[in-house]
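Have a look at this one.
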């Protein structure tokens, strides 16, 4: 292990004019470097990379993720995509999601969340919730100015602040949203087609039944008679 | 005369503190104060050069050296010092009071014998230099030799006897 | 009281205080403090005599003080070096504990 | 009254005013001195505020940052903001501290610095206190700084300040020696301890354009460079900022200070920096003398402050670049390198003084001063130089 | 100094008694400017010479391993970002590598290349920041650090484009990566690689010949090879002492055997060598990056059959290790067939490299301690976990 086929190379040594190193030469070189940076920081963009934050902002990359949001198509109350399946709640690494399923008075699931809270002070913006969601309902937002002076209420995001429209998603991540929309549309169409087919089938069945009933009616009648 | 009247009690108080204070660092700092006040006394008396030299050497070097040695040696507790004070004070006073008496007696005798000139007097640096290197040239050389010897001697004394670093095998 | 007498008294008192410190202190460094006080008391005398005594073209008073300061500095340096060396051996600057030559 | 006399204006005004009211002579004199002193203190307190900003801006630029730019135009109000912050902070005194000494130490840092600033000639007409023993006075009050730093370190009753104080004392004592020896050469050649006189001796030009500053003589160049290095060490600036050594001993003797006392330490440090640079300029860079002939129409104090800015900028540049040295290296450098080299400038200055500025002086002093440099270069290359490390590359 | 390995674990218990008041006990940290986080060293000084040094850590303990045992495999991925937060992507890879070994998952070609690129970029970040940090420890008021951070920001921009976060990437998945490279990313990365050489030249000019740096770092903190090996030291610290041990060569993972690169080895192993080795490693990383970017194939970025939800590796045990920028970073996992690991254990290079701190520091100055600690290159997130 210790005898590698090795090439020997000398280190980038301090410059030695005439084979002698002058004491202090390295220090002067260091001064040259800082001096150059001092001067060039006035006119070279790649030296002075500071962005004056509140006035200027760095461009945000399209992939940038910060905090999750829930998508609805038209109405935040009625057609949230979330079905309160709790997969994200289980997968969330810091366990910052809290979901309560909405039920009607009979205790039957309405397939939507009654409570959906995310605690900003716990959330670490990892994006796993968005990744595991099978219903395309939770995505990562690009908003990063979430600070608040309300330590408790201000940091707990409920449904009202989490729910954002599909248009917002489209604006934020057009590529992803388009893909999702197309997929959902296709699925919906498929579903609609299936539903239509089902309906048609049901209708056909009903018709057939009716027909059959009509056909057997006399018999029945007959029987009855 | 007025500056003298102000300075004299201050010097005495500071010196008393330097002798009396149980905590060594306090004593050393008060010594520095005494010496600084002494320097001011020289300035007041017209010996500017001597005063500044006194300040530089005593405050800047000797007092700092003493303080530094105190830091290095970290002297023991003062409670003990205070506890044994009465006993040591008796012996101390027994020896020093006679000396004081003799000195004061001589001072009083001198006053009657001598007459004091009161004209303002000062010494210029040029005058001092000329005298130093003419009349007192042998003394300057002697002091020079002494200082060189002291420098070498102090360096030899203070040198660590063989740099020793703690290693695990020491314990 | 003439100024000279006052300086002489001051110097006597300071000398006594220095002597007292030398006699009562156990810490070697503080003994050195006493010695410095005594030296300074002597210096005050020299300056006082120069200032209020007869004119002296040889400037003996200031000259003596100058030499005395130089020697005092030397003395302090050597003294402290010795104390430090003793300290290194015995881990103490207490003069009462330095009795290994006591027999 | 020309621009040359501008800094004396307040003093003159007060004196005239008092004379008009028929004040006695001594009162006029004392009041005049007081006003002159306040002018200096005012100028350098302003300089301190400005330097604290300029330092941050310069360091920031050297590090490709912008530096403070929020308070006021280009951050010009930053010192004010800092001052308000410092003043409103709680003044913490540790329980184990020696209260009185803890309070006295920061004051005793500032006072000698101000006193030292009082004797420096800033212009032909602007010498606050023209002492005959100015140079000696400067070093004498400078000696007080060590005691006050020790007081700060010891009175805090804490360990890091104590370590800082020990470092500070050993460093300042070691570097004061070469500092004084370097100044001694100037005194020998000038034949005076009075700072205005030293500046006067450096007036005029050689060959019509080389200023007759002490720096442009062989011994003066060496002594000036050594003085420069020593003054960095005396001012506790990087790379000799061991007493503060923030990455090792937190803030050294200032660790247990806060609020206004902490600000006083900074003020003392910056005023000390001004004072020591001012002394260096006076001794080696010709004080208020103009650098080229024909520039006499510019007020002399402007030259002084221009030189001061240059010197202080070089301090900042060094601070932006160098790492800190270690304490043993620092001491070895002082005793084995600085002091011998400083001592060699003395005979060179003596030769210069007696033989004058002639060929003979050049022939004798240049080799004399080159000897230690040659020795150091040889030792450095043979013994100390970075051993050329070899690195293998495993495939 | 310690001369052979038999003395290694017998650092002196400090004698008390007569000497007690002559020694200075100083607690460096947990709030101290140069302990790289909340780390504490109980130092006993004789003057300024270190007589004893006991590291105290755990101030940043977050129970990472136990949390991971109570969470799904995927849930631990973002936590690995926070181990060594200077180089999250290496940590991601190490964890993904261990899980892939455990579950026997194949990684597509393109994903392997992406991983190599990201890991080497991370190495650049780490080593550049290291140079800045150690200069900061030496008191060079932040210039080197700022230059390092300036370049680091450029790499972080790339990371943000790719992963959505600058530091907490959470990018690797079991069987690949989370998403594909955005359009134009490889080109931007190529430009960065081209620009990095000149930056390294400047940095070397700034540091390598600096006499003060040489005086401060040469012959400081070196230990004999066998002690380092027995102490489990890995990474640049071990290679600076001349031991040829780099997991990329010793036990190639990913696709490292396809690249042509060399392992720089020092001789003495002092702080200076540690700095230099890192500079030389950066040059090699640039070579790897160049090759990887040139060869980057098209294809899947994640195995098509990789499971995100309800991932259950078979019962078994695996130890996956990679050459992280700081040393050998390993994850030891035991699966009981459920969604959560039964046992999860990290081998953190920072922590294990720190174990010999006292042996390196004894007999040196307080100021050297700071530099030695800096040269070990620890991140407290990883030490304390």
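Worth a mention:
Read from first to last, the chains carry the letters A, B, C, D and E; within each, the first residue is number 1.
Keep this in mind: contacts are C-beta pairs under 8 Å (C-beta built on N, C-alpha and C of every residue); 3 or more make two chains touch, one makes a residue touch a chain.
Worth saying up front: this structure is predicted, and the values here are computed from it rather than measured.
Farthest from chain C in terms of Cα centroid separation is A. Ranking every chain by how far its Cα centroid lies from the centroid of chain B, the top place goes to A. Here the two chains linked by the largest count of contacting C-beta pairs are B-C.
Distance from the chain B centre to the chain E centre is 59 Å, each centre being the mean of its Cα atoms.
Centroid to centroid, with C-alpha atoms defining each point, chain B and chain C lie 5 Å apart. With centres set at the average Cα position, the gap from chain D to chain E is 44 Å.
We define each chain's centre as the mean of its Cα atoms; on that basis chain B and chain D are separated by 29 Å. Residues of chain B found to touch two or more other chains are 49, 53, 61, 65, 72, 76. With touch defined as above, residues shared between interfaces to two or more other chains in chain A number as follows: 4, 6-7, 11, 13-14, 23, 27, 30, 33-34, 37, 47, 49. Counting partner chains per residue, chain C has no residue touching two or more of them.
Interface residues of chain D, counted against chain B in their complex, comprise 101, 132-133, 136-137, 139-144, 146-147, 150-151, 154, 162, 165-166, 169-170, 173, 176, 193.
By the touch criterion stated above, chain D contacts chain E in their complex at residues 59, 62-65, 159-160, 162-163, 167, 238-239, 241-242, 245-250, 319-329, 384, 386-387, 389-395.
Residues of chain B touching chain D in their complex: 25, 29, 32, 36, 39, 48-49, 52-53, 55-56, 59-61, 63-65, 67-68, 71-72, 124-125. Residues of chain D that touch chain A in their complex: 58, 61-66, 317-318, 320-322, 376-377, 380-381, 385-386, 388-395. Residues 1, 4-5, 8, 11-12, 15-16, 18-19, 24, 27-28, 31, 34-35, 38, 41-42, 45-47, 49-50, 53-54, 57-58, 61-62, 65-66, 69-70, 72-73, 75-76, 81, 84-85, 88-89, 91-93, 95-97, 99-100, 103-104, 107, 110-111, 114, 116-118, 121, 123, 127-128, 131-132, 135-136, 139, 143, 146-147, 150-151, 153-154, 157-158, 161 of chain B touch chain C in their complex.
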